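Following are the structures in question.
In what comes next, subunit A is part of two complexes: it sits with subunit B in the first one and with subunit C in the second one.
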Partner chain A sequence: MKRIAGRTLYTLLVLFLASVAVFYAIRLSGGDATAARLVASATAEDREAFRELLGLNEPIHQQYFTYMGRLLSGDLGVSLTNSSDIFKMLTFHGRNSLILGVTAFTLVFAVGIPLGILAARKRNTWVDGAVMTFSIGGMAVPNFWLALLAIWLFASVWGLLPSAGCCSPRQLIMPAFVLALEGIALTVRMTRSAMLENLESDHVRTLRAGGLSEARVVNKHVLRASFIPIISLMGLRIGQIVGYALVVETIFGWPGLGQVLVNAVLRRDYPVAQFFSLVLVAIVVAGNWAADIGYSLANPRLRKT
Partner chain B sequence: MAQTVPSKIGSTQQARSPAETLLSIRNLRTAVSQGEDRFDIVRDLSLDIFPNEIVCLVGESGCGKSITALSVMRLLPTPPVRAIGGEIQFKENDLLTLSDKEMRKVRAEDIAMVFQDPLTSLDPVFSVGSVMTEVIKAHRDLDTNTARTMALEALQEVGLPDPEKRLDSYPHQMSGGMRQRVLIATALVLDPDLLIADEPTTALDVTVQAQILEMLLEEQRQRHMSILLITHDLAVVAGVADRVAVMYAGEIVEQAPVDELFEDPKHPYTQGLLHALPHISVKREKLIPIPGVVPPPQMMPPGCRFAPRCPYALSRCWQERPELEINAGRPLRCFNPQPFVA
Partner chain C sequence: MRHNKLLLVGLALGVIVLIAGVLGPQFTGQDYATQNFQNVNQPPLSEGHLFGTDSLGRDLATRTFVGIRVSLIVAAGVTLMSMVAGIVIGMVAGFLGGWIDRSIRGAVDFVWGFPLILVAVLFAAGFGEGLFPVILAVGLVNTAAIARVVRGEVLALKEREFIEAAHAGGLSTFRIMWRHAFPNILGPALVLTSYYVAVAIIAESALSFIGLGAQPPLPSLGQMVADGRNFLRLNHWAATIPGLAIVMMVLSVSLIGDGLRDVFDPRLRHEAKGVDD
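Take a look at the complex of A and B:
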């Protein structure tokens, strides 16, 4: 309990620092906010007036507090480029990203853990070799390249799946797998090595000496002990998925948070860029927090009784 | 620490007939494979254990004691280590030929084992009670409550403080001594005929060592079980053993009832071990350790495996391998035994 409370406080602190960092990064990243809204022929006075209007001439720490104050009171503002309501963008794109992200996250573990167990149980056979080759491949291939390859093969050559768009299940398949692949590859490795380590550990030998069947030893005890390191990496996987979503959503034309953010940055639509950066950072931080809590609960050494 | 353990030296050992044997290891050979090569870790090892006795298997680190025990339990790290020859007769069966399923029945029910390191030998993610009930239920058709009661009784018997509470404890919440008691309770819960205890006290501090040994002795007396106690500590041997088998480099080199062995050790290796022991060598100025170390399985000398460290080695010893032969009433593996000078 104490550990969980501590981690939660720590997470809030990280969230605060991250929000400051994101805010400064976006404000200081150069580029002219007025370019997003004003026509190219706008005069210097027009631009200055526009900056004044947006409060961009205030000291930056003051801007931060003004911004966060509005954010926390529920006023998310509007886009500079098309005046759309940021809250509406959040719900629409957030939903799409949630579908894609949760699918990819589920795939990472639903595919990665069983494959890792399989490789461990069949260690040093061709099955193990095949799984590990897949895993090494999955880690080595850059996801943008994989995305393009998948589109070329499955959409152009074989015509099996739509090349882009949202949000039918058929359209989900390619982006979800591309997003998940590296996570799957890493989870396979992690699961396999944790299983192998536990299979040869002293405590498992004690269970065997107690006459438990090998199936029981593996499926209950080895697996359970192996979950601890796997869970501890769930937070990292979330961060990875969020990061890769920027690329994958853009390539597959999946209108999610990542795509919004990339477009906003390209158009210097700073309220949108700022807000969605914060959202993605918050997801990553919250994901790590959740994984950490899960880790504490799974590990008796950390679970205070 | 030998004085804190009730002395068994002097207990009489009547002759036994082979029919009575509980465990009979015959010419056991256990080897490790490394690529194309295979090296013997245990060679030509024969040892009998009778009902209701404590046999100690002694020898320096790396001489193959644990591998011998794991061969009996069929818990060797296979691959690369495998029992490739001999027989391990337990009651009517040769354990080496049992199916995996039959062997599982033997474990815990007939032969139980306690391992060297209590700190790592307990499952870290399950409670003591849940593992113990699982072991019980793997052998007996019992409901969880009955099994839990059995587990509780076993924990009480091994003298674990607060046993009721400990059923729900996890290993990290207990000290090394408590963990070893839990391991012993788990091993004894199905009332086995033979307990193999592999250096059960080596990892513990001296006072706890004595308590655990005392408790093991008490359990042995009450249950009339046999114990194969593996140790490299001759003080422990003097305190608890009925019979002693001295092991060197994968072979048994001498075997005798404990009092005879301490009074009149015949093998140069046994003599060396005794010279290195404080209690025996009080008369001398300082202890004499045996020079050198046990050779690894890959580098065994061709003749007597002890020749490189033996003060009495003859040229014959370097070429020919001594067999384990009865010498003055006890099995001995030596061409040139010399009287013991304390």
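Take a look at the complex of A and C:
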């Protein structure tokens, strides 16, 4: 319990520091904010007035507190490029990202763990070889290139799936698999090596010697011990999926949080960039926290501390 | 045994990539930015163009080779930065201990907790697009990753007799770090670094793909894949060839890393980011 409380406090501190860092990073580029909204012929006075209007001329720490106050009251203003309400953007894009992220997250473990177990149990056979080749390949192929190959084959050549768009199940298939692939590859490796380590461990040998059936040894004891590293992997995967979503959503034209952030950065739409980078950072920090807590709960050695 | 074979494959791929990046542009003798609208979207092996041309009639081979060069430069910059800084920071934290260790570990864990691509996008938001923020972001995250491992190695080394003996012999901490600990850390650090070279190559190409990395007309493999995606039906080679180049580079470093791991430190084989046995 103490450990959990400690980690939670630490997480809150990280969240605060990260929000300050992100805030400063985005405000550094505040000089360009006028380029997003004003026409090129705007005079220096116009630009100055615009900066004043946005509150960009105040000291940064003051801007930070003003911003956080407005964040809590739910009033974040509008996008500089298309005037949409930023909070409304959050609900729309957040929902889309949630669909994609949860599907990819589920795929990572629903596909990765069984494949890893299969490879470990069929160690040194062609099955193991095929699974591990897939795993090495999955980590070497950059996901955006895989995405293009998939679009080219499944959409252009065979016409089986739509190449982009949101959010029907058919449109979800390609982005979800591309987003999940690296995680699947990593999970396969982790599961396999954790299984192998436990299959050869002393306590498993003792269980076997005690006459337990192989199925029971594997299902009850080996799997449970192997889940500890996988659980901490799960939390870290949330962060990785957020990172890759920035790329995958952009490729598949999936209107999620990542795509919004990338477009806002490219167009120097700083209020949008500001808010959505804070959102993504918060998701990542929460994922790391969940990984920590899950790890503490799953690991009997840490449970009591 | 199997690893030695894979190491050789990795080295061979690495040599091919190096030659392509260093000598390739001279070999084709063309300019990467020259456009020719009479001759767009040509398939490979068309007249005068080994890999064909892209949608603006630029020579794909030259662009791919220059793109490889850009990737190599970014990877070298990131690797140099993260390896030197990571080893120094990790060794200082591990050796000095106390509040220095605690604050370094706090900072390192903080950075390491964030996904690379997100950090890079935030850097691009702050500094503007280009290769510089990409190198800085990837270098920063990789530094944290290397420092973590080096610190752990140092803590283990500190318990060993020969370091204790050096302390007992009255050597200065700096001398022990440099002459006795550093050579023992270099092996694991190299193995780890080779893994992060792959990370750097993928990150740079991914960021260039979404438009935040290398800016035109300078070609980068990721950006070439992005350009090619609009012409997949006409000439998919403009996207698939640079993509293949990235895969070759990444495979090469990964295989070399796996091989080095076996040579330097068999203990690391079961590590989380590790490899089958």
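By our rule, the second predicted complex is superposed on the first by the 301 of 305 C-alpha atoms of A that agree within 3 Å, B and C clash if a C-alpha of one lies under 4 Å from a C-alpha of the other, contacts with A are read in each partner's own complex, and residues count from 1 in each chain.
Simple rule for what comes next: a residue touches a chain if its C-beta (ideal position, glycine included) is under 8 Å from a C-beta of that chain, and two chains touch if they have at least 3 such contacts.
All of these numbers come straight from a predicted model, not from anything done at the bench.
Taken together through their common subunit A, the two structures put subunit B and subunit C side by side without a clash. Comparing subunit B with subunit C, the partner in contact with more residues of subunit A is C.
Subunit B and subunit C, viewed from the C-alpha centre of subunit A in the overlaid structures, lie at an angle of 80 degrees when rounded to the nearest 10.
Of the two partner chains, subunit C is the only one that A:Ile26 touches; subunit B does not reach it.
Contact with subunit B, but none with subunit C, is seen for A:Arg205 once the two complexes are overlaid on the shared chain.
Judged by the touch definition given at the top, the superposed model places A:Gly253 against neither subunit B nor subunit C.
Of the two partner chains, subunit C is the only one that A:Trp152 touches; subunit B does not reach it. Once the two complexes are laid over each other on the shared chain, residue contacts for A:Arg224 go to subunit B alone; subunit C is not touched. Contacts of A:Gly77 after superposition on the shared chain: neither subunit B nor subunit C is touched. Using the contact criterion defined above for the overlaid structures, shared-chain residue A:Leu280 touches subunit C, although it does not reach subunit B.
Of all Cα pairs linking subunit B with subunit C in the superposition, the shortest spans 11 Å.
In the three-chain superposition model, subunit A touches subunit B and subunit C at no common residue. Of all the residues in subunit A, the ones that touch subunit B in their complex are 200-214, 216, 221, 224-225, 228, 298-301, 305.
In the complex of the two chains, the subunit C residues touching subunit A come out as 110, 113-118, 121-129, 198, 202, 205-206, 209-212, 222, 225-226, 228-229, 232-233, 236, 239-240, 243, 246-247, 250-251, 254, 270, 272-277. Interface residues of subunit B facing subunit A in the complex, by the touch rule stated above, are 73, 75, 77, 100, 104-109, 112-113, 115, 117, 120-127, 131, 134-135, 138-139, 168, 170, 172-173, 183, 186-187.
On subunit A, the positions that touch subunit C within their shared complex are 14, 17-18, 22, 24-26, 28-29, 32, 132, 136, 139-145, 148-149, 151-152, 156, 186, 189-190, 192-193, 196-197, 229, 233, 239-240, 242-244, 246-247, 250-251, 261-262, 265-266, 270, 273, 277, 280-281, 284-285, 288.
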